[in-house]
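Consider the two complexes below, in which chain A is the common component and chain B and chain C are the respective partners.
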Partner chain A sequence: MAQPELGDEILRLDNLNVHFPVKMPFVQRLLQREKAVVHAVDGVSFSIHSGEILGLVGESGCGKTTVGKASVRLLNPTSGRIFFAGQDISKIGGRSLRTLRRKMQIIFQDPHASLNPAMAIGRAIGHPLWIHGSEFGIQNLSSTVFRERVQQRVLSTMREVGLTPEEQLYDKFPGDLSGGQKQRAVIARALILEPDLLVVDEGVSMLDMSIRAKVLELMLDLKRQHGLTYLFITHDLATAKFICDRLAIMYLGRIVEIGPARDIYADPKHPYTKALLQVVPIPDPDKRKEKVLPRGEVPDAVHPPAGCRFHPRCPAVLPSCGWEGRDFVDFLDEHLSDPKRAGDDELVLGPIENWRTNGLVASLEAKPLNIEEAVERVKAVLAEAPIAMAQAIESVSTHKRTVIIHFRPPNELRQTQVGDRIVECLLYQ
Partner chain B sequence: MDPMLQVQDLSVHYKTRRGFVRALEELRLDAIQGETVGVVGETGSGKSTLGKAILGILPAGTQVDGKILFRGRDLTQLSNQMYRRLRGEEIALIFQDPMTRLNPLMTIMDHFVEEIRDHESVSADEARRRAREALVSMGIHESRIKNYPHEFSGGMRQRIMIALAIVLKPSLLIADEPTTSLDVIVESQILGILQDLKRAYSMSLLLITHNLGIVAEVCDRVAVLYAGKLVELGPVRDIFRKPLHPYTQGLLSSIIHLETKELHSIEGSPPNMIAPPSGCRFHPRCPYAQSICVERLPPLVEFEPGHFAACHFGDKFL
Partner chain C sequence: MGIVKPAEAEDTEKLVRSSSSIGTILNLLLQDRRTLAGVLSWVGIGVLVSFVVIAIFAYPLAPYDPQRIFLTPPNQPPSLQHLMGTDDLGRDLFSRMLYGARTSLEIMTIGVFLALAIGFPIGLVSGYLGGKLDRVLVLVMDSVYAFPGLLLAAMVALFLGKGVFNVGIAITVIYVPTYFRVTRNQTLSVREETYVDAARALGAGNWTVIWSYIAYNVLISIPVVFSLSAADAILTAAGLSFLGLGLERPTPDWGLDLSDAQKFLTSGVWWSSFFPGVMIIILTVGLSFLGEGLNDIVNPLLRKERA
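Here is the complex of A and B:
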């Protein structure tokens, strides 16, 4: 796909943060000194230019949907700024926000859940016109003139998104439509106000393979004909590759790599991007291969890992990536869970709940007389640990009856320009 | 080798207020020991119905015709009591969404103990020991066995479901979209686990999925379902290299993968299953449809050894 001329900047996020408070019982809230928050989005910046499709790719819980919702101000940012066509919209509300919504629309994953089952399709598609009618200079919304104008607009939009025969479908209810038709209806409803920006959140993920391509083609057509700009949120790298001009790869609230889609596929830089690309299934039984997968799953975003958030799972991790006390405890937990490897380590080093961590330090108050043995066992366990973690340890020492493991402080992680993309990884710093 | 599972002319019709939904029509399929058979189809193809029919968990009042032979026994004739014994012990099922299948009020331990003691008269201690073992084999620390389902991540819950499914060492495992609700990396991990298990216990695996990419990566043979009919069946290589049914061809070319240069799709949408199209059910969407396709139902023909297709013009694609 040819790189289009960059138009005006439509959307810009500047160091966007969205944190959600963790719900907890009142007493616990009183006792807890620090407020627990989910770091859904933590310092995300990017911009989208007119006529461009930016793909936001990541696993569930990485914050991609939160970025999408915050971009159209369905969520309020905790801090940072959002610019739409040059205007700072991070704090606006009420009437001015409503006016703005005409220019930005969002489409969700499940078309069935996005349509009111008791509202006929034609009425649903025309609904935004009624809501925003006054902005078109129409005072009397109940006038026949307006009704007819709305109906004409709805019918022509239905034709445009391929929801035909439009006259027949106009009075149908969502339950009568197939999945593909429903998603087309949702797209029509989003388009009827002629927005400049369309946020598509997993917009084709629920559709069957045989009709998914049609909906993607429709989106590309709309981009060509109306110069529509998209923020395309997906977990599917193959779809993103086909449709996006640029890609942003997100992991646990951070963008780890952003740049032209073609370059990222040809030569992924960040180890997480590499991992994601590797797991895209290849529809060819002769190309089966063993995969080197990142260990475990995405950790919880209340206490994201220090340093690079991907480091505990990263196959290319360095000693300076942000190892700390709890990484050791996590590894020990894993070690102890396998009786074959652990032997009687549990007697000396367990149970895991007895370990305390504080930033770079992990400590265990050993059972009496066991202190020397505990140190020996810790060292033996470390011999099996990821080399980078073992190398990140500054010392294993004792203080009275406590074994203390000290980690070296990590290197500072910065976003680095590599060619025409930005990568957040120590390997490229 | 005798097939472990033989599905013969299985038809399943659901009763609804608008009439009978013909979810499956005269389906034939078999699986030998240690084999992974992929059952592929889109929404409404009847693939999940097949899994439920084998396990005997179709809703009451459903009309079932044909035979499901498992190690020579016809499952459709089994009493409820016999079926209860069979489920879990010989045939187990893994569902798409583990959260809705695990009881939120029971600890993981309770799930295992209930499953084991329902089928075998063992002491509670023995059941607990085996529960721990099964959990550890899935890479979950045994100290977490007293936790509740909500305390685990999605991938861990699916591993618990798998551990629960295999704790009685069944010989046939049916996995209905086992990775669809999981993240891509975890999906890859779970598929790896399923394959390791299959090898370790020489189980047969019936993998029901809409994702052809996964099929290409893990299956030995593939059955393609369209609107309740088996349209193509064969070794995975043959299906991907030389698909004989136009629906399979359309499905394969509509996969979006990293090498995709152009988008393809199948015209039209899946048929109404209460009044399915006459003749070949795919004919309204088929680019090659002739008048015979409208009039006559194509039989399932073996065009190459082990490679079947139900198309009047299957030989044209050889």
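Here is the complex of A and C:
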């Protein structure tokens, strides 16, 4: 099957950043010099062309929803630009934004939460028409003619999305519908405005397996009939495989690989994509977090790892991928917590709280007289560390009574064209 | 992010079924008849309904005109002619109690509904829009709220003068901040709901979002406040009359009658103080039962909805 002709560009993100302030107690906020922010989306660029389904895939918390919400301007971008059908919409607001919303719709994960529990289904589906009534050239919204027309449109849209028997469901409330019916209602509500772009955020992940396939089929049908374009957000690769033309793989606020879905499934390039596709098992992500948090360090998205963000978990990691002070301390922590391996290292190198990290540097103020031994122990520990990490170390030195470990700065990471896709990984640079 | 198991999903849905928030509460009241909260609520509803019936049908129910002065010596103890005895002017207490229900409910209705009509919309707008306006309103409302209720009502009543409507207004002033706070808090949480995001994504402006997507879902927390503030309003109105700031004699009014009767208490005339007091207590306690019962019923519902 030949690659279909690309239509016009519908959506383009250009170096999109969305940062959230970290919620913290007032006093702490006063004491902190620089404001801590969650780098939910950190330099994301891609475009979607008319008639295409782009899948945005990644683990929980990597920023998919944030990209989706920013794309339809439910969130304001911190920086970067969003183009919709060629128009820069990153700064518009008020009426011009509201008018534009007709053309771009979003469907959320939880159909139950997406429907106002106090609004009957028929009215909910028709409400967008009331909201945009004046743009359809209708002056008097309460006129019987308009009401009749809205009702007819709602009923035909309900039929189209398979929300039948539509006459009976029209006056039901969300609480009376099943999950699948509710998601169909949400789709109908989005569709009734005849949008160009539909952002579907985990649109089927809360549905039962049997219903899931049907709703996906429906989305594909609607795409064909209405020439819809989708940004399809999911953490489930099976779903993505079923529906997407292209895939964008996201990790910690960045896109690490993007390209035609079939090719990515056949031959994933980025180590993270490979891991996702289970060619290689992913190292447990929670281990690192659990260790880091109690020591008072900040979660990953606030201070993302240096260099390639995937390096602490990457099975193919290189010495130049971004090793830094806290990677060593994390490894040491793990080492010390295993008494068999650690022996009496704890006496010399512990407790782990005594280590300080600052970017590429990790340092320990050694106990008196132990400085030489501390250096030896560090070197012994490093012999067991991942080779890439050990090789990334420039020097283990001493200054007065402090042991200092210096890492080499990482290589600059660039997005690289590899065949028909773009990959962000040093292996391909 | 786990997939909701069908059984769980059904459970949640049973609670949030049915058309409207008020409808939901009624449904739950019917379901929960056996629980403590249900019993409290139904007792409260019973009391309120009885008093409303008494107030409406005071004329056919009362054996005498409440103003009529009997020429027998005053302060007659309860008897078959005068079920609750007569007061110091020789008026039939039973009839006065029945007509007093009318006065109390009138004041309560004016006060509480006006407070709702003012506090609810302001709370909605303030909570949804936030910003400077919100901060100013919170400050103003909090200062009024911090003022002792009866003192505030007394000041307003003193300024406005006596009469059912004026006492109603005095009570309104006390309760506007209560409705404002409850509405605003609830708005702050409803504002975070996905369906509000969804409405904004549809292109709805602020007013549409507030009116069509938030107001109705905030309304669910109102009946509780309504009952509790109504109970309080009865007490406050009685207090104002007792202090001589409420109603004009000879309006049949429990607080006024209580105030007139107290000086005879030492000479053994207990009935003319006892019955007005009992009326005030029954209605107040009934409304409080309803409020507390509804609170226990509605709050788990709110939690469930948010889950």
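By definition in this document, the second predicted complex is superposed on the first by the 405 of 429 C-alpha atoms of A that agree within 3 Å, B and C clash if a C-alpha of one lies under 4 Å from a C-alpha of the other, contacts with A are read in each partner's own complex, and residues count from 1 in each chain.
Definition applied: a residue touches a chain if its C-beta (ideal position, glycine included) is under 8 Å from a C-beta of that chain, and two chains touch if they have at least 3 such contacts.
All of these numbers come straight from a predicted model, not from anything done at the bench.
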item: Touched partner set for A:Val396, first chain B, second chain C, both or neither; value: neither
item: First (chain B), second (chain C), both or neither touched by A:Ala342; value: neither
item: Contacts of A:Ala85 with chain B and chain C, given as first, second, both or neither; value: neither
item: Partner chain in contact with A:Ala388 - chain B first, chain C second, else both or neither; value: neither
item: Partner chain(s) touched by A:His132 [first = chain B, second = chain C, both, neither]; value: second
item: Chain B versus chain C as contact partner of A:Ser114, first or second or both or neither; value: second
item: Greater residue coverage of chain A in the superposed arrangement, chain B or chain C; value: B
item: Touched partner set for A:Phe242, first chain B, second chain C, both or neither; value: first
item: Which superposed partner A:Arg98 touches (first chain B, second chain C, both, neither); value: second
item: Contacts of A:Val22 with chain B and chain C, given as first, second, both or neither; value: neither
item: Those residues of chain A which chain B touches in one complex and chain C touches in the other; value: 60, 179, 208, 235
item: Chain B to chain A touching residues, read off their complex; value: 42-43, 136, 139-143, 153-156, 183-189, 192, 210-214, 216-217, 219, 236-237, 240, 250-252, 254-258, 260, 263-266, 269-270
item: Residues of chain C touching chain A in the complex; value: 1, 3-4, 6, 9, 12-13, 16-21, 193-195, 197-205, 208, 212-213, 216-217, 305
item: For the chain A and chain C complex, residues of the former touching the latter; value: 60, 69, 72, 74, 98-99, 101-102, 105-106, 108, 110, 112-120, 127-128, 131-132, 173, 175-176, 179, 186, 189, 193, 202, 205-206, 208, 235
item: Chain B contact footprint on chain A (complex, rising order); value: 59-60, 178-181, 208-214, 216-217, 235-239, 241-242, 265, 275-277, 279-288, 291, 293-294, 297-298, 333-334, 336-339, 351-352
